[in-house]
Each structure stands twice: as C-alpha cells, then as structure tokens.
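Have a look at this one before I ask anything.
Chain naming follows the written order as A, B, C and D, and within any one chain the residues start at number 1.
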Amino acid sequence: MKAEPLYFAGIDLGSTMTKVVIIDAGERLLSRVESHTGAEHRRLANRVMEEALALAGLPFSEIAYVVATGYGRINVPFADRQITELTCHARGVASLFPGVRTALDIGGQDAKGLKLKDGKLVDFVMNDKCAAGTGRFLEVIARTLGLELAELGSLSLKSANPVSISNTCTVFAQQEVTTRLSDGVPLEDIVAGLHQAIASRAVGMLRQLKIEPEVVFTGGVAKNSGVVKAVRENLGGEVLVPDDPLISGALGAALLGQDILQKAQAKGETVIRQERRLAEATFFQQT
Amino acid sequence: MTAYYLGIDIGSRTSKGVVTGDGRLLACHVLPSGVNYRAAAEKLREALLGKIGLSVSDIAATVATGQGAGNVPFPNEPVTDIRCCARGINGVFPAARTIIDVQAQSSQVIRLNGSGLVTGFVVSEKCAAGSGRFMEVIANVLQVELKDIGPLSLKSKNPVAFSTGCAVFGESEAVSRVAEGSAVEDILAGVHQALADKISALVDRVGMETDCALSGGGGLDTGLIRAVEAKLGVRMLVPPQPQIITALGAAIMAEETRGGH
Amino acid sequence: MTVEKKKRAISRLKSMYPLRALVDGMYKKAVEASKNGEPVAWCMVNWWAGDTVLQAMGVHTVHPEDYGAVCAAFGAAQPYLDRSDSEGFPSHMCGYARNCLGYAALMQDLGEIPPEAPMAGMPKPTLLLGSGYFCDTRYKWFQALGRYLDAPMWVLEMPHPGVPESRIEGNREHNIRFLVEELRELIGFLEKQLDRKMDYVRLGEIVDDTIEMNRVWHEVNELRKARPCPMHSRDFWSSMPASLYMASDPRVTAGLYRDMYDEVKSRVDNHTGAVPEEKYRVAFAELPPWHSLGFFNQLAERGWNFVIESWAYHPPKPVDLSGLSDPLERIAGLTYQYFSGYFEDAFQAGDGWGYFAHPYLEMVREYRCDGILLHPLLTCRTATNHLTVVQNQLMEQLKVPSLVVEGDIVDLNLFNPAEALRKAETFEETMQHYRAVRKEAGFDW
Amino acid sequence: MATGLNRVAEIYADRAARVTELKAGGKRIIGYLDIFPVVEMLTALDLVPYRLLGDLNEPITRADAYLPTVVCPFLRSVMDLGLKGKYDFLDGVVFAHGCEVSEKMAHIWRTYLHPPYAHFIDTPHTTHQAARKQHRELLKDFQKTLEEMTGQELTAEKLREAVNIHNRQRVLVRELYDLRKPDPPLISGAETVRVMVAVASLPVTEGNELLEQVIGEIKGRKDGPAPKPARLIVWGSIIDNTALVDLVESLGANVVMDDTTVGSRDYFPLVEITDDPRDGLADRYLVALRSPRTFRETVPDGNRRKDYMADLESRFGYLKDYAREWQVNGVILQVLRYCDIHGYEVPALKDYLESIGLPGIYLEHDYSKVALAQLRTRVQAFLEIIG
C-alpha cells in the first residue's frame, strides 16, 4: 500500500489578497505566498498555487488535500473542498492562539467577529455591505494620499491629536481627507483618525458577540499597527496579533484539510479529491 | 442702470457661478471645487466678472449655496441649495413640479410650485452609491471621460447587474467584469440602472407630479437621464446647462432679496 | 440636564424647574427606599392606571423610559447601548430598551448600581411592571430583562379604543370592564407579592388627585393656543414626566402645575412668547432627540416656536368621573377617555386611522400650526409607524406641510444636526408657501 | 404523476387564481393578516378566508408613502401589494392586534384602500383571566359586524362545523409535518413552504383535499430529498416564500421543522369544542397559539422570585420537543429587520438553546432576494459549525 503524501494546502482567495499556505503533517509551514488578487489575478489562482508549490519544493501531486476559502472560494477548480472564511479563520486562530475565544478579522471586503469554544467556531458576526470599516477603506485612502499601505500604521502612531472624519462613506471620506490636508491638518492626525473610525466600527460589530478577552486580531488590516492600537484602545483590553496576520485564513484552510483527511482515515473512508491540475479560476459565481 | 446679481454654488466637486441682470442670465462659469472652497469661490467670481467686464462693486447682491457656502469669503446671503435649485429650475421650466437633482455627494428630489417655492423634498443618504460620485468612480476606473459615459451607456444591450450596493466594491466589481470580458458600455449601463433604482425610491417618498426636471451634474449624463426615464416612465425636462441650475437659482434669490429695494 | 451657556433663544418657564426636579428626585427616593428594603418597581408608563395603584400600595417606582431620556441627555447612554449590543439585542430596537438592558446587564455584573449612572441610578427592582399598550417593546423589553433580574413581572393589559370598532354597541362597556378587571388582577398580584393589602380609601384619594392634576395640566396646554405661544415644547417635555410617571403625590404635582398655569397665563396676558419673534408655529411628533435638544434653540433663533406636540404625552381631555364610586372604575374611565377623547373627530369622520394619527389634525388646526416636524426614529415603531399617514393627511386635509428629520431618542449617532438645520431652513419656504395655499382654500391661519 | 404537488406549485405561483375563480362563482373572499383573526367565523358564514401575504420578488415602491422604511419589510410588502391593486378582489379584510406594526397597518389599510368590509380584533397580549374574557367579548363584536355584512346569523351550529373543518386541516398539517421526521425527510422544507402557502390561499375544504392528496403522494414517493448532515428547524418571523429555505437547503441541509407562520406555529394548536364554540375559539387564539407576541406570566404560582431558566423552559420548552421528535441538530433564528417581537427574543432563545446543547445562528434579513444572497456565507459557516 502506497503511503499518502502528507502535505496540505490552503488557498484563501480574498477580495484583495490571495494567500496560499502549504503545511506538512506536523503543521509546519513549508511555504506561504501572498499576491494581490487584482482584476487579472482573479482568474489565475493557479499562479499563486504554483508559486507556493515551487517554494515548498513540492509537485502538486504531493498535496494530500486542498481547501479553498475566501470570497472567491467557490471558483477554485482544483480545490478538494470549499470552506467559508469564517470557519477557516477560526481554525487558524485556534491553532495560533489555543484557548482564545474571541477574534476579529478585518480583510479587504469585510470585517468579521468570531466566537470560539474549544478551538471551534460557535458563533460569528459579519459586516460586508459597505466598504467603510473594511481594509478597502484604508486602501482607498492610502491611494489618495500617495502612501503605501504598509506606511499607514507607523505614521499614525506619531499622532497625538487624531482628527475625526465626519463622512462615513469611503468615497466622501477620501475627499474630506484631501480637504483636511489642505487646511493644514497633519497627515498623521488624519490617518490616526481614520484608524479610529475603522476600529470603532469593528469593535461595535464585535460587541454583538459577548467579547471575552483576550481578543485576537487577524486579516490584512491587522498588519496595520495604527489600527491595532486603535482597536486596543476601543476594547480597553489586550489584543493579540499573529506574526503573519494575513494568512490565518489560508492556514486554517490547510489545517482543516488535514482534519478532514484524518477524520476520514480514522473512519476508514476514502476521500474524494480533485485531479491535481492547475486551472483558471474565475471570481464570480458561475451561472 | 442695470443691477447685477451673483449666484455662487460651491458643490463638493464643482463650483458653479452665475451672473444675472434684468432677469437674464449674463454669464456662467464652472470650475472644480478642489480642496479649497475659499479659493474656488474667489476664482469663480473673478472669472464671471471677467467674462462680462464687471467689477465687484457692480454686483448688487450675492447668494451663496452648496456644501461650501460657508467658506465663501466675500459678502453674501447664504441660502440652502434645495431652495436655489427649485428657483433655478422654475426660471427655466416654470411648469416643472418635481426636480431630481443629482449632485456629486447626494441626490435629492424636490417638489415645487409655480413660483419656484419648495413644497416638499427628500435628500438621499450620504452614500456614494446613490449619487453622481458613483459614476465618477466607475468612469475613472474604466478610464472613460465623464462626458463620454452617457453616449457609451446608451449603446449597451446587456447591462451588467451589480452584486453590491456599494460604490467602492462596485469599482472592483467593474474591474473584474472588464477582466472577464464584459463590455464597458454594459458596465456603465449597469451603474446607471443601479443609480436610477435608488433615485426612483427617493421619488416614491415624496411623490411625483409632472413635469419632472433633472438638474445637477447628473443632468449632463444622457445615460442616467434615459435610465431614470425608463424607471419612472416619464420624460425628463433637462435644462441645457443642468449643472448651473442651483447657481442660477441663487442669483435669482439674490435678485429677489434685493429686488424690492 | 445639558447646560446652555449662551443666552437662550427659548425663554423657559420658571415653574418648569420644580416639576422636572420632582421626576429627578424619584431616582434618589427609590434608591433610598430600596436600601430600606421597601419595594421598588421598574415601571413602564401605563400612564396613570398602574402607577396610581402602585402608589396606593406604597411601591416606589422608577421609569426606565424616562431613565433612557436622562441617560441620553447626560451623554451617558453610549456604554449601556454598547452593552446591549454585545448581549445580542438587535441595534434597531428601542433606544430606551437598549439603554435599560445594557444598564441591567452592567448592574448584574457589578452587583450594584453602576457608579457612573446619572441621577442616583435605578436600584434593583422588586417588581417589573410592563404594559400591553402602545408598543410591543413595553412587554418584550421587560421580559428580556429576565436575563439580568429576578424580579417577577406583570404586564398590565389595556384595550385600544379609538378605532372604528369602539363604536360597536357594548364595546365601550366591555372595554371598561376589562380595564377594571385587569387592575384587579394586578392588585391581586401585588398583594401576593408584597404581602400587603390595597388601601382602597387611599387609592380613591390618589385617583381623584390624579384626575385633578391632569385637568390642571390640560388647562396649561390649552393656554398655548395663544399667539405668540407662551410655552415651548421644551418646557412641555421637561414638565410632562411629572404627570406621566406619577413623580410624587399627585396633589403636590397638581399644585406645581397650577403655578405653571399662573406663569403661562401671565405671559398670555402680556403677549409674551416663548421665542423672541414667533415666525413659525410648529408642532412636533413624536419623541424628541433627547441628546440634541440644543437644536431647538437654533430653530428658535430663526423664529420657530414649537407650540404643541404629540397627543400621546398629553393628559386626557377633562372628563367628569365623579359619579363613579369605585376608584378602579374612575381609573378605567380616565384611561378610556385618554384613548378616546382625542378621537371624537375621527369617529365623526368615520376614519379608520383613528386613534393613532387623527388627533394631529385637531392639534394642528387648534394651535394654528404652520408646519409639523416629524422625527421618525430608527428604533421605535410606535413613534414612527403613523408619521407618513400624519404627513399625508395634514397635507390633504389642512394643507399643512411636514418636515421629516430622522434621528433617535437615545442613540446620538443617528441624528445629524447640520443636515437637520439645512432641511429646516428650506422648510421655512415650504411653510410660507402653504400659508398662501391655506388662505386661498379658506382656512383661517 | 404528482398531481397534488403540481397543484401546490400552481397555486404557489399564482395564489389568487383559485379564489378569483370562486369569486366569479359568487363566493365572497375575505383577506386576513397574521394568525390571530378567527377564521372559523368566516368559514361558518360561507366566506372564504384568504391569507394576506407579501411578495418577496416584487420591489416595494408604493408603500414608502404610507409606511416608513423602519418597519417590518414583510408588512411593507403586503401594504405595497395592496396599494398596487393586487388585493382588489377581496370583499373585506380582517385584522388583529398581532404586533405593533400589523395593528397600525390594519388602520392604514382601511384608510387608504377602503375595503368594502373591515374588522379589527384588538387581541389582548396576556392570558390573564380578564384578557380571556375580553377576547370572548371581542369575538362577539366580530360576530356582529360579520352578521351585519352577510345578513346571516352565525349560529353555534355553523360555527362548530367550521371549527371541525379547520381542526381537520390542522390535523392534516401535523400529518404532513410527520413526514419530515424520517431521515431523509420525505418532503423538503421548501416544498413544505409551498404547500403551506397554497393551503392558506384556498377555502378550507379545498385545502384539506389538497393536503390529503399531497400527503398520499409523498408517502409513496421515491424522489424525496437526499439525506444531508444537517437537519434544521427554522424559528422566527413569518416565512411566506421559499427563498430562505431554498438557500439553506441548497447549501447542504434539510429544513425538517419550523416554528414560524405560515407553518407549525399557526396550524398545530387545535380548537377545543366548547358549549359555546366561541369560548374554545377565544382561548385557542389567545392562549394556545404560541407566539412570542403573547406574554405569559414569569412567576410560577405562589412564587415570589422569578427563575430565569424556568421562564425559558415555559417559553421555549416546546422547541426541545420539536428538536427531539424531528431529530434536529441546528436552529436558524431568522428575524426580519425591525421585527421587535422576535428581535427581543433572540438572546433569551440563544440562552435556551445553549442550555439544551443545540447550536443556533441568528440571521437578520430584509425580505429581499439581494439580502438573502448576502446570507449565503453565514449559512454555510453555520453548517460548518454543525459539522
């Protein structure tokens, strides 16, 4: 009997960033790749996968199970299973911070609150109708200000006097920001104000789930130290951020793949898998 | 001697100015509001006076309106844009009883009487997906000039249905659609329909009485006009320069306030 | 309440302050009483009916509804609202309820009144008294409090007269009977819970004083028909809780309303208005944005006088109940009058929209209003449901326009004062227009 | 051929078809809103009760000028259909004090749509003795206006007969629901919704025939739903359309039970036949119907203290029975936006579900297809939670 290759891949086809993670059976991270989802990449999830495989030095056939998650999960043709980003993030968070019960994830297109019990997702809230309060808000503003996303955090930490932006709508806030700048308001105060706005929205949403400290903060926006600080202030408590907050969903996906396989093996069931062939993915649901 | 009146409309995107005299429109001017409303107002006045060779002292009265009215640095009477818009349309189409005013930041529906007095109104939420800004955002990302969006949209046979009600997410959706092969005109037409839906919901809240006029920068967009007409099932009266209607109304108000003296 | 530094555009009545103080004093009294082991009820306004009974049985009351307004006015509501959200209550529910649920949850955590609670706070209740009238919130909210409080709950039921069915023969009688029996069942519940007996003689006195208190209060409001109107809605709102919540011995309260009557009367005699120059007489519906009352000062500076507000917070039109010997029947009569006296017109007109919207026609006509400010609340169905009908009917029947300004009673984030002012400014023109329209149509204002 | 289910599909697609036929044949059709109007009294006078429902596929446009946007979107939809003339065929309407907004809408409806006959029953909110008595009186008032309208006397005889036919319907509905107990269920959740909506659109005897036919067919069918890991109960605001259930079932679950109207909530309790049939009716509608809009005492007799868990048990205990009998492993708490009646219940119900170890998910939606589509990820995540 041929031994199963024990590598697992998780692909998180997010609205903004596509993340791929490959782990081995010991939950060791063999490779991680991130790439802008961007319009043209939306159809090309396979490229990112290819890159991750190359980095891990593995042929695709060696991957025992592929789980796709994220906004575009439905259309990753080579995935063995699609699992929602809620479950995947929870799994990722549980592995990174065992015992944690509340998590906040702010990505490009939504913000989510997760409630965990014994390492499993038990409840959640989600905000995905309006770009205000999501990573997209910060992207738009960064673009307006001609700043890199990565700069926003450290810049805002310099502010002693965050200004509040009166427009909630991302589009109008963008314009308000330019006006404020021309009024001579320091850049860092504006950025800090925006971070506060995002944080207070997110924490407001998170409150719908009785918050039990400590809170883990993941998703691309958790890379922004300014938002992290604002979330911490808003919660009035400690906030844990993983070293690599972007990949918690992809990591969770890979781990879930492992779980699925193990469970099946324990029951002696065979698992149905896709052909290991990279193909184009589209972003919108095919009708 | 002719008395001249100045109407200034400092909108969130564009500033519009009008000079009237003897009840006639003598000059108008449109420029981007930019980030400094004060400067925009100054420049606007300068340009207007320059066009007809008048000086500041020739202006008998000024009414300022719009989002940035509070920043106009020279003496003026502030009046809300809703009132000015109604007066402006009344000046052009006395039979109009309903106005759909599509500005950059919001859309509003105004009911008015034969004298241009506001008899009812409703203002949209401040969400870019319900205002002219949605068009700008999409035009920008599709690299289409604003003036071309109308004619292009009218060519569409298969408007794209947007899966989101947010202008920002709509922007990325538009990009993806293009990447997946949708035609630009179909995307534009899709946005026009989405906007027309929001506008029609507003109209339902105050009720519509014909004739119905369309003003504001949105009136420059034939695609939007047709979409609104299709949705409401009535023909729109659209003034030749829809964007300056509110400024025109402001000038008319300036004349009214001083008229008697 | 909020401190206003500038010289006020609204000249407030001096006689209002002691009335407001009565209500504010309730909290302190209830906290004291609770410390002394006396029973305290958290009480929904079932208007006079339940409160008279409670007072006669020596139960202290606080009114979480009023407390919602207090917290809003003190700017203290946010933490309670947040807490309610985190308990899983949808945020589009009643601001008063969210405030109270958050407060109760916090109080349960702390085991005591939250230290930053405005006034003296609401002490832990012995009883929860909800009501089946006016809104579903009034019993669903109290029922939901069961998560945090172990006080037993009673819902006082009331019929909804004022609809066309009230004219069916025998309907009035069985409705009154229902009210009386309901009150009896409530008394039975209280007697069992508190181990004391109702003193019907005392109840009789309280009921009579209540009827009288409401009569005087009604007369005060009648004076507001004068031009210029001597009393602004803000004074009404500050004074109304004293009657609605039975803040004190109704005899004492009646005395204070009498003082108010005198002050208002002297203003009428001297043609003194509540605002310096009354350009627009405006009615208000329904509940005000308690957190942003300064908005009314800004409007007053523009000549807006708020001369009358929703009937629902007004006392019943005076009615002679002296022929009824049973105090419970007198309460029932008063309550019935409250829910039907304002609708005589509706009955005459055979109008189906009767009790909840029709009185606005009378109000606007008698107080000669130029317009009405409608304040739909995102969180309250009761105060919002009928506003579009009110708007349509005022226009159709009286040619009086409505200004719609969305907001909330407690949640500050839902009200935008700058936008509200822009709309108000525009609306002045609309009011002027309809003055002319009314004149043409033969109306006399 | 599954003629019963076909008939169901036809009526579901065009609810008014059959009653307009009947109307052409001289029958009078009376609309009623929510579950509190006592329909037996209509049937007894040979009036056809016809449930007022909304239309999730029809955008709400006209209702905005009559009902504000911050009220129950289902009721706004009903009002909208009314304003668009979709209920013009009705010979009258009966409303009750179901919830705050439905009560107000009753008055708004009669103000603007001028139905030839309208009656509002001010159903009390409590089950106190006084309230029960009051409810009986209210039914007498109702009887008066009905007799006046029809010119006929509503005898105890006729009423008893009507009660029997309606009770028969309730028994049949229970039989139908029993077919959801096996795994896989013999009838899907979406099919059940269609059957229930169809039944609410027919005169009661025809509804009974249809139910019998459908039950017969389903018992013998081979093409029922496939087994799925999740067996769910849907609790909450009205469901008069398959959209939500379809969504849930398309994602890998069988909806095997409901606690909503149009469903078990309005059909399960029977009417007790009493000497004066009105007494049994009054109690059934006020006391036996299990709706969160009816308040029940929180203190067991003789107790001074309230026990929260006991209160939960008395409010939600029946759900435990449902869960056991229908082998349910998850609960969808779905609430229409701005529905206070159900909104206030959510935290308490979640407490209860936790205490009996049933996972639940709260979904708020606004009675539109777009809003439902946005729930997809949430539902999917919940199914993953159930695992």
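The criterion applied here is as follows: a residue touches a chain if its C-beta (ideal position, glycine included) is under 8 Å from a C-beta of that chain, and two chains touch if they have at least 3 such contacts.
These numbers come from a predicted model, not from an experiment.
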item	value
Reference chain C; chain at largest CA-centroid distance	A
Top chain pair, ranked by how many C-beta pairs fall in contact	C-D
Intercentroid distance (Cα basis), chain D paired with chain A, Å	41
Centre-to-centre distance between chain C and chain A (centres being mean Cα positions), rounded to whole Å	49
CA centroid of chain B to CA centroid of chain C, Å	42
Shared-contact residues (touching 2 or more other chains) in chain D	64-65
Touching two or more other chains - residue numbers and ranges from chain B	163, 165
Multi-partner residues of chain C (at least 2 other chains)	87-88
Topology of the chain contact graph, where touching chains are joined (line, ring, star, complete, other)	complete
Touching residues on chain D, where the partner in the complex is chain C	64-68, 70-71, 97, 99-101, 103-105, 107-111, 118-122, 124-126, 128-131, 133-134, 137, 140-141, 144-145, 292-293, 295, 297-299, 303-308, 311, 335, 337-338, 340-341, 343-348, 350-351, 362, 364
Contacting residues of chain D [partner chain A, same complex]	359, 361, 374, 377-378, 380-381, 384-385
Contact set on chain B toward chain C in their complex	79-80, 82-83, 113, 115, 117-123
Chain B partner contacts - residues on chain D that touch it in the complex	61-62, 64-65, 370, 373
Chain C-facing residues of chain A, complex	204, 207-211
